[in-house]
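For reference, the structures are reproduced in the following blocks.
Next, two complexes with chain A in common: one pairs it with chain B, the other with chain C.
This part shows the complex of A and B:
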């Protein structure tokens, strides 16, 4: 039983990373209605920029992180303002193809600019694992879990209880009506792209010390992040956080007690089961339309 | 489904963006210095010989693309001495993205302009490339893999350089036993590469206390590390490519778990050793390339001097050393051709390579044996580099 809980705790660290990536996805989807398949590549560029700031500009880690977040927001804002806005009223297929094209484009450019060799960046909190109630957990994993829960709750509060959140929910419900109500929809959507890219960037910064930083680093993480977003209910911020932790823990338990080879297969089997029982995910709200 | 004008315009925009993406992917890093063969054989003129190569310059295994610099450096060193029989050596290297269909496509482009291929990278990609080269009788020297299938029913056009993976697996297993490790765990990749190495470990007589196979898509290795720790192993043999290796080493560090590490040369990159936040006291790697710090070794010295002179911007890495070794073999075969240079005469030239001293060891071929290197040894990771075992 001790081992079981150690596996659960071991899954929370990566779960937090999946949750952050899923938060970025969901935030953009909530306001713009776009599923951004390029989010992993954009997040990797943010982390590669952080690496350059640390190694070439010689900035301290905290300062480099803050600057990388600013750059992430600029990348997100630019992507929406220059690319996505042109096709915001196009068919969903067009938007999907564009974000997939962006994924290939960004990974290719990142490879040319930074090379493909794995690079090291430090963990936000280093140090030996600590013993918590006889279970081992690293300070860095504790930091990831705390940051994920904190940011998830903060976003939930902003969305549910502030005017900004109300405006974003109005845009999500009906963009044209929101615009007619005087809400500056373009500003809010661009803002959500900026913030969503920053959140995905945090996921990439947190995972890079474990996986080694290189242009395709987020490809596999993105699959788990999509799974987290779907389980949580694509559109629910709290769902993204809970979904991330669930996927992290479930994949650890599958690897430990079934087979690492079946990790991805069984995760998606669980997703199919969840969606069969709750088609809108664990925290998703069923869309209601009046005839 | 209906498409309004905005959708069509949007789609056009998407196609434009896609075209830019493809252009960037295509330009990638294609190291080309070829002249199309207008002589008696493709890739051969009166004053030049062109070899072809498909390697990953992009994608998840792009790091292996560094091997091209080793081939180019050796060719440049030979050209500086006047080439081979008055012919300068050229290399056309194309990006295969570590993907068999792309490798096949690029190989078809290379065929009209090459005498043969050298240092093609990857097990699956080599298999695909062989399917194209074999029926046309185009020689392939030194695929960068030791997969078992290459050593079974070897086609006459294929000249292996790498030792078979089972040799490396056996070496790692023997080393673990010689070091007196009591309980050894094995982590291996669930494909031909990992299975071949694992078979070698078992052939050494080692009885692993815990065995875990992983899928290359896995990202979180903490359950694997936890299982090895729970099994009480004092050594772990890691048969993995670089990315999962780094993730697994970090997962062990997160549990403050420090067994002796024995690793395949395939993941022997500095980042694998320096990735962990904690210093591991004992990391050993199977190798056929000697420690690159050992400049008392003449072969190492020649390699490093040529890399600094002809490929100054490329890293002097183990991957470049692979390319250098394979180029040594390719050139030795060329030197053995006395008459007209054709693909058939080049294969005969390679058949007669005997007692060739390369950076990676001694190579012997005959018309009935195209096994390359057969000896491997252990090196130790120290200070983020590979060094002789202390």
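This part shows the complex of A and C:
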């Protein structure tokens, strides 16, 4: 039993990473109604930029991280402000296809600019596992868990209790009516793309030390992030955080008790099961669609 | 959820009506394409790399048309089409290896049927899912299939993969690049005839009705869920056949042959060619095969070209390449019509 809980705790670090990726997806989806399939490629470019800032500009880690976040917000804002806005009234499928085109394009550009050889960036915190209530956990995992919970709570507070959050919820409910109420919808949607890309960027920066930084690094993380968002209901920020931790723990348990090689397959099974049984996830509200 | 706010009624139609040339011109173009496809090996047959690329274009053609069935004609989405190709390829390899003397038509049908069963199962939840959820579901499917192939070593030999013998009819085998080309061409043409028949039938119209409005389709007495499941099954069948052809072309099926990027490239080719255009998809396949052949040596420009083309086309030419013949004809007309008039009215620059 002690082993079981050790595996649960061991999955929380990756869970936090999936939670960040899912938070970025959900935030953008909530306001703009678009699932950004290019999020992984964008996040990878952010991390590759961080690598360049560390290795070529010689910046300290914290400063490079802050700069990388600024660049992430520029990438996200540009994507919505220049590209997605032009087709915001097209069919859902057209918007999906545009983000897929961006995924191919950005991954390709990253490969051309930075090459395909894996690079490494350091973990935010190094150090040996520490003993917490007889369970071992690395300082880096503790940092990730704390950051995830903190950022998740902050977003929740902003979304539920501030005017900015109110405006964003109004846009999520009905963009046209929100715009009639005097909300600057384009500004908020572009802002959520910027913030969402920064959140995905954090996920990529945190996962890069474990996976090896290369242009297609986030392709596999994407499946876990989508699974986390779906488990959480794809519209709930708290759901994204809880879903991320659940998927992280589940995949660590799968690796420990079933097989280290079937994680993607079993996570696919989780996606299928959730979509069959509870398409709105654990935290989602029943969606009503007129078509 | 924002599907509530941006409901289909307020969004634009998915497929812009395809503007076609007059029937005579179209027939002429089809005959020209057919002649080029048939006599092509007479000129390039000695160059095995060119023949490989041409055969790859045929295989991609079937795969991309099968995806366009789903996306352009049915309004559904699949980010895991390479997973279907993988199933078809493995089915073909297993049939060819374990059943000696199996006639090739049976092998091709078997590969298609095995994939259709999986397509049926994957299609079952689609009655309740659309848009993003479907995209994510099929994406998961596409990445799970190679992983299963990698780990089911007793059946698939894991990473080593399965060696696929060349196609054979009776005691004759067809191992040369030119023979493989004609083999693929024949299968592709048979499949295209079948696909055009399906699209012209009431089933094809039901696909389009579900794509354009599920509510209206239901009101017309169409069983939306059954239609979607049938669409996935049909698309999977043809993708499986494409997987069979691909297995013979490569001579090997392995988990690495079906990366997620392949599904994405197919999707890009569908958009490049034009949604709901079979001929556009075939053109997209040729472009994909040629880009792949031309960029295989240099480092990684293929995704940049394809992705960039998708983004630009979606923003500026949403009808895809299928719209080009019409545009060309219109431009020609304007050019002819304007020529005599051009001299009469003075242009703005001359007046001022």
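Operating definition for what follows: the second predicted complex is superposed on the first by the 282 of 291 C-alpha atoms of A that agree within 3 Å, B and C clash if a C-alpha of one lies under 4 Å from a C-alpha of the other, contacts with A are read in each partner's own complex, and residues count from 1 in each chain.
We adopt the following convention: a residue touches a chain if its C-beta (ideal position, glycine included) is under 8 Å from a C-beta of that chain, and two chains touch if they have at least 3 such contacts.
Fair warning: this is a prediction, and the values are worked out from it, not measured in the lab.
Upon superposition of the two complexes on chain A, a steric clash is found between chain B and chain C.
Look at A:104: by the touch rule set out above, it reaches both chain B and chain C. In the superposition on chain A, contact of A:227 is made with chain C only, not with chain B.
Of the two partner chains placed by superposition, only chain C is touched by A:276; chain B is not. Contacts of A:7 after superposition: chain B is touched, whereas chain C is not reached.
In the superposition on chain A, contact is made by A:175 with chain C only, not with chain B. Overlaying the two complexes on chain A leaves one chain C stretch of 134-142, 152-160, 278-286 or 332-340 clashing with chain B, which is 152-160. Judged by the document's definition of touching, chain A residues 83, 86-87, 89-91, 94, 97-98, 101-102, 104-105, 107-109, 111-112, 115-116, 216, 219-220, 223, 259, 261, 264 lie at the interface with chain B and also at the interface with chain C. Those residues of chain C that touch chain A in the complex are listed here as 1-14, 71, 75, 77, 79, 125, 128-133, 135-137, 139-141, 143-144, 147-148, 150-151, 213-215, 260-261, 264-265, 267-268, 271, 299-311, 314-315, 318. Residues 29-33, 35, 37, 83, 86-87, 89-94, 96-98, 100-109, 111-112, 115-116, 172-177, 216, 219-220, 222-223, 226-227, 230, 234-235, 259, 261-262, 264-265, 267-268, 271-272, 275-276, 279, 284-285, 287-291 of chain A are the ones touching chain C in the complex.
Interface residues of chain B, counted against chain A in their complex, comprise 1, 3, 6-7, 9-11, 13-14, 17-18, 20-22, 24-25, 28-29, 57-60, 62-63, 65-66, 190, 212-215, 217-220, 222-224, 226-227, 230, 242-243, 246-247, 250-251, 254-256, 269, 271, 274-275, 277-278, 315. On the side of chain A, the complex with chain B involves touching residues 3, 6-7, 10-11, 13-14, 83, 86-87, 89-91, 94, 97-98, 101-102, 104-105, 107-109, 111-112, 115-120, 123, 126, 128-129, 136, 138, 140-141, 207, 209-212, 214-216, 219-221, 223-224, 248, 251-253, 255-256, 259-261, 263-264.
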